[in-house]
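A single structure is presented below for examination.
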Amino acid sequence: MSSDTHHSGISGLGEEVLGHTEVKVSQCYQCGKCSAGCPLSEEMDYPPSVIMRMLQTGNPDLEDKVLRSFSIWVCLTCEMCFARCPMSIDIPKMMDFLREKSLNEKKANPKAKEIVAFHKSFLDSIRFTGRLYEIGLFVDYKTRTLKILDDLALAPKMMKRGKLNIIPELIKDRSGVAAIFRKSNKKNKN
Amino acid sequence: MTLGFYPGCSLKGSSREYAESVLAVAKAFDINMEEINDWNCCGATAAHNMNKELSLALPARILSLAEKQGLTEIVVPCAACYSRLTVTKYELSKDPALKTAVTDANGLEYTGSVSVLNIVQMLDKYITPNLEGRVVKPFDHKVACYYGCLLVRPHEILKFDREEDPQSLDVLMLKAGATPIDWAFKTECCGAGLSVSRTSSVGRLSGKIIGDAKDRGAEAVIVACPMCHSNLDMRRDAINSYLGEKIDIPVLYITQAIGLALGLDRKALGLQRHFVKVSV
Amino acid sequence: MAEFEPKIVAFVCNWCTYAGADLTGTSRIKYASNVRIIRFPCTGRIDYMLLLKAFDEGADGIIVSGCHPNDCHYTSGNFHARRRWIMFRSLCDFTGIDTERIKFSWVSAAEGAKWADIVNATVASVRELGPYTEYKKVAKYPEKEVSHG
Amino acid sequence: MDDLIKRAKELIETSAVKVVIGYEQGTGNKTRALFVEKSEDADKLIFDSRCVQNLAAYVTKKEVKEKGKMAIAATLPVMRSIIQLASEFQVNDNNLLVLGITPESKLIEFGNLVEVETFVHQYTIEIDARNKEMLDKLAKMTQAERWKFWIDELAPCFKCYACRAACPMCYCHQCTVDFNQPQWIPVPSHELGNLEWHIMRAIHLTGRCIDCDACYNACPLSIPINLLTKKMLEDAKEHFGGYQPALKGDHLMSTYKPDDKENFIH
Amino acid sequence: MSKIGVFVCHCGENISATVDCAKVAETAGNYDGVAYSVDYKYMCSDPGQNLIKSAIKEKGLTGVVVASCSPRMHEPTFRKACAEAGLNPFMCEMANLREHCSWVHEKGEATTEKAIDLVRILVEKVKYNHSLSEIKVPVTKTALVIGGGIAGIQASLDIANTGHKVILIERDPSIGGHMSQLSETFPTLDCSQCILTPRMVEVAQHPNITLYTYAELESLEGFIGNFKAKIRRKSKSLDEKLCTGCGLCTTKCPAKKIPSEFNEGLGKRTAIYVPFPQAVPNKPVIDRINCTYYIKGKCKICEIVCPTGAIRFDQEDQIMEVEVGAIVIATGFTVKQPDFFPEYGFGKYPDVITGLQFERLASASGPTLGEIRRPSDGKIPEKIVFLACAGSRDPAKGIPYCSKICCMYIAKHAMLYQHKVHGGKSYVFYMDIRAGGKMYEEFVRRAIEDDGVNYIRGRVSRIYEKNGKLIVDGADTLLNAMPVEIEADMVVLATAGVANEGAEELAQKLHISYDPYKFFAEAHPKLKPVETNTAGIFLAGACQAPRDIPESVAMASGAAVKVAGLFSQDELTREPIIAVVNRQAPPVYSSCVGCFLCISTCPYQAIEKEEIKNRNGEVIKSMAKVNPGLCQGCGTCVAFCRTKSIDIQGYTHEQMYTEVMALLNEY
């Protein structure tokens, strides 16, 4: 069956999803229970069941829309959809894969800029210190997003309550952690 | 006795009161919490959102270090870290090829022999059997036990409590003298990873949780996850502005609530660090 | 010497494939005359030793056929047969017996045309493979005619 | 194995069993089966790494069975055989007591066969590396090469049936090879008869052979006939989730699953 | 030495056009053991058959091969002809020269050669044929019907009306089953009890039906035509002959708070009770688990008030044995119960109920006398939500199948609600509407178009209670999966129809098979829907899969016809094509070593263990034995047996081996 046929078997992106995550998009019969239970469904451009449907079509245009969607970034991996799915489809795992792919193909939704930036800042913090350095994370995140004013009031309050470390906690084997990043990133340049 | 301890980043920073209360309660029962040497961040949501192998390699390093240190059981109070470590164990046990790839990346031996306990499991196993007679100041309040996502899901892997309407925190709080309420948002998501990047969503999601707790007369919300805590506590302004009212129900870690019941010092439990004043 | 005409023995069940082959006849569909059908009550009755015996005695190819899964007249004879075939075929392959010469199929009582196709395809492929001389050689029947000229 | 000797004596002296089957020193460096019926004979019992003969082959023998209740010094393969035999109603708790010898050479006396089964199920049957390599080698050959391999290997077989005698699962009174109406297997020992005999045997052992190698060890010509059953064991794993002897439950080849998978039936 | 006759048929020109029939006959005539060989235009015609008959008599033939059409066509014809001439019919075989040869090949030498081969195979086979006699089994013309729901009632009445005896057993104190609990029935909305109760009374009064309620099957032995069933009649603590059914005891019984099974827990009953007013028989039983006397040792109020002295506290269960020739299983189904839907709060919120509970609310005989009121506070719900597929089509919960009846009863429920609660709002969450059936789709459309039921396509994620309302979180998948939240007063779950608890044990008692969901398995999914693979045992109704009333009734009538067909003869005649375990002289007895692996190969549970004992009663040999009443002759055990101890008549080892030999070696 050719990959451009609408309503084909599993093809295209769906097939990739299967290969990487064992999630078989054809199992979804569109009951919508995931979308009904998803806490972020209303903020999504395509709720989870619609994403599943788009992947089922094997239509390259729709697959592209999935990778460019805001949905995959606003998903919080709270696992509610997976917990209640009658077909036990691991949507969160699939979302992980779609995010990674979207990033690799530079298709991340512009509205998700802050979310992506936060994740990147977060990982950078670990990459360099081995642990999360919250001030560093905030500064880095704010530089990436230019959202200087947001949450500005929070930091001093946190500081006052002893919730922020001025100096990052460093682990000894920082090169080891950096190596993990290097090796894991071999395939995914981001 | 000695248990392994993986605090994770939050417990060293924004949620240090959680660490303080865990250690205080452990100490009260003569349990030595041995921190894993040179531990690293588990990668949290960011890693598995961006890169699968990384999301497994980071937790695997932690488990390897624990093995190296001779620990057989590690307590992971942060629900997110607990979820990442448990999922990693599961994924690596299922797929030998993945295990090889990850151990190669880490350059550390990994056998999967360390068992991972979340805070409820730890309390259940080592504290509650000896709790009787130790409660000097029953935590006599109506409490809403909030489990969040990562303590109970995915059930296939974690196999902890039940997915819908879990009970383990409620049972613990009952033993600490509290009256747990039946409410509807025990396992709804607080917004977690979007805390910084999409505060508005957090206001809405956490708002529903705090709103329901208040409507049903809760005097405190009990949590077992630093992310839940920071969203429900630190983001209270966003929550209140979403709800259009001022709600000042405090949010306590389970270990803080138990600590109070044990009569431990409030400061030792880090209660002064909360944004929402702990008046209970 | 004339073109090699393979000898094909078909082991079939009474209720599906035998009836399917009857339908091929009533539909007047023509197929190669090399095949000889032996009727069994059910594929579950087909003893794998008989397949070896057929090669012993000079068959060049074998067809084994019965009801489709879930269609067995006896509910599960074909399921038992299928499990045995999986193991037997693998063992044949492992001992170097030419499994290309044993065709397994499901032919229902309604599949007259399919039966003709299977026979024709088997005859063609076995003709391609040539006489099964390896087996006959060790069978040591020097006194018997092995060519079909 | 002093504790084995001690226990054997007790069992005989208290008439708990009539015979204890174990190993004794044989000629040369070999060990052989010992049937202890008098307590003083128990001193001859030995156990070491040379004791590989599958003693379970004796528990179905009429001559041994007739003596009365048996006890058997059973290594892991022997215990597996016993569980399979019990599932085929050939032995039971009333006529057999198992003195288990663990892979660490520790003696465990089992109260009943259910306990033996529980013990056996801690281990899965694994084909050893050398034979695994051989199977892989054969798999890589062409069909014609495999044919030559087996015809050559089997050519010297003169149907002494030592393999059959050594096998605990070959307890049938009338083997197919002895059946002569019709004569399924040619009587003379020529290549074809040999091949058919061993194919037949391998099929009959599928889902029953516990991979003890007794057949191979017994073969005076060291023909690797155990490769055939090993291949079946591998296939069982590939197609049907593997084989492990069990007291209750489905036998591999006398049952089926409606969704058994294959790719060759068209 | 065999004397075989070969009769080659031209079939007009059907065979002779491509096969040289004379040559076939001539060649066959030269085979060893062939005493007579002839070809003829129409072998099946009278003259043709006479040819065979006279040859048998004149030449003293010991076997016959008719080379003509398919045996599936004329085997009975020629076997009968042989029998008429005094030859055992099983000494006759047919070579299929028409369907398998002349019709499928071109005229030529090869085709004639093939015909010759086909004849030779069967000549050689016939040499090994044995005279066989048909198996005759007497038939006990009484049927046992298990289960007194609508299917069991229908089957009993249909069988009884053909003049045969029926024993109907029912587990509960009354017959009627689930249908008696229903309010109205789709798609006609006629009252369920109005159409059912006359049937129940007919059962009780029918001279051919013996009814035992509060009774269960204990065990079953035997085979078609000859079953022996043990029935446990649970103690009712009552002398039924004395009881007049006045009901005084039930009004005086002090244990009044027992949830009523009939009302699905929405109403209460007493410990001595009649499940519902129209029960048949209309006599009470004492539920000993809840009876004050059995719990505390004193009370006996029922005994005191009973005007006829019918109460029997010391009555014990009775086991009775009956002989029956056929069995109809009509044990029905059940619905999935609480704790299965934690996300819907089922079991936690009293106003989340099952469809069956809704039936009781809507029923005029129900706890609310037909008014739709919430169980929690008795208020009339202003907003009601129905959830389709509550458990069905949900592999994660272990039920992948569609329960089939729910789409229709949901439409009915919503419609009844709209009729009864004016101004009420009803919502149905569904994924597909499966309304295949006469007037079914029209019925659903009526609910939507005329009664204003709101259908929303999507599955509900969860339900929680807030301020006395049930908050239903769903999504509308036809609107980009937009979230839908409904504040409902009551929620009705269309819970999956599942097999009865204990279905597995019953199947094992009956030696019938069941599917992965524990529904009983029919013998063939298309052509034998009411048969099981045990001859003489039939299925009716929802014990085989979820079924609605018309289907259950149709199936019951189908099963009844099968039973009547069986009972139309005094003896059953069966082809002797069955498996046999060999017997040998003592001390061997048989080459069977008793591994009994064959037992699991048999699709019919026809293989049993046979023990041979010595004078002291000790078992000296255990071996397999084929029950000729159950064996259907597939031969699956034959090919499996390592010692070749089982053989099958008509397809013996020798016959099949000989066929292969004869085919490949020319004589």
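In order of appearance the chains are A, B, C, D and E, and numbering begins at 1 in each one.
FYI, contacts are C-beta pairs under 8 Å (C-beta built on N, C-alpha and C of every residue); 3 or more make two chains touch, one makes a residue touch a chain.
Because the structure is a prediction, the values reported are computed rather than measured.
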{"item": "Graph separation of subunit A and subunit E (steps between touching chains)", "value": "1"}
{"item": "Neighbouring chains shared between subunit A and subunit C, ordered by label", "value": "E"}
{"item": "Chains linked by the largest number of contacting C-beta pairs", "value": "A-B"}
{"item": "Middle chain, criterion being Cα centroid separation", "value": "E"}
{"item": "Chain of greatest Cα-centre distance to subunit B", "value": "C"}
{"item": "Distance from subunit D to subunit C - Cα centre to Cα centre, in angstrom", "value": "34"}
{"item": "Chain centre separation in whole Å, for subunit B relative to subunit A (CA means)", "value": "22"}
{"item": "Interchain centroid distance [CA atoms averaged], subunit D/subunit E, Å", "value": "43"}
{"item": "Distance from the mean Cα position of subunit E to that of subunit B, given in whole angstrom", "value": "54"}
{"item": "Subunit C, residues touching no fewer than two other chains", "value": "48, 53, 70, 76, 80, 84"}
{"item": "Overlap residues in subunit D, where contacts from two or more other chains coincide", "value": "176, 184, 253-255"}
{"item": "Per-residue overlap in subunit A, given as positions that touch at least 2 other chains", "value": "80, 88"}
{"item": "Chains touching one another, given as label pairs in label order", "value": "A-B, A-E, B-E, C-D, C-E, D-E"}
{"item": "Residues of subunit D that touch subunit C when the two form their complex", "value": "138, 143-151, 176, 184, 190-192, 195-196, 199-200, 202-203, 206, 228, 231-232, 235-236, 239-240, 253-258, 260, 262, 264-266"}
{"item": "Sites on subunit E touched by subunit B in the complex", "value": "342-343, 345, 348, 462, 464-467, 471"}
{"item": "In the complex, subunit C residues that touch subunit E", "value": "5, 7, 9, 14, 18-19, 21-26, 28-31, 33, 36-42, 44-48, 50, 53-54, 57-59, 70, 72-77, 80-81, 84, 116, 144"}
{"item": "Residues of subunit B touching subunit A in the complex", "value": "9-10, 12-16, 38-41, 43-55, 57-58, 61, 104-107, 149-150, 153-156, 163-164, 187-189, 191-194, 196-199, 201, 205, 234, 272-275"}
{"item": "Touching residues on subunit E, where the partner in the complex is subunit C", "value": "70-73, 96, 98-101, 103-106, 110-111, 113-114, 117-118, 121, 513, 523-525, 533, 577, 601, 603-604, 632-636, 638-640, 648, 650-651, 653, 656-657, 659-661, 663-665"}
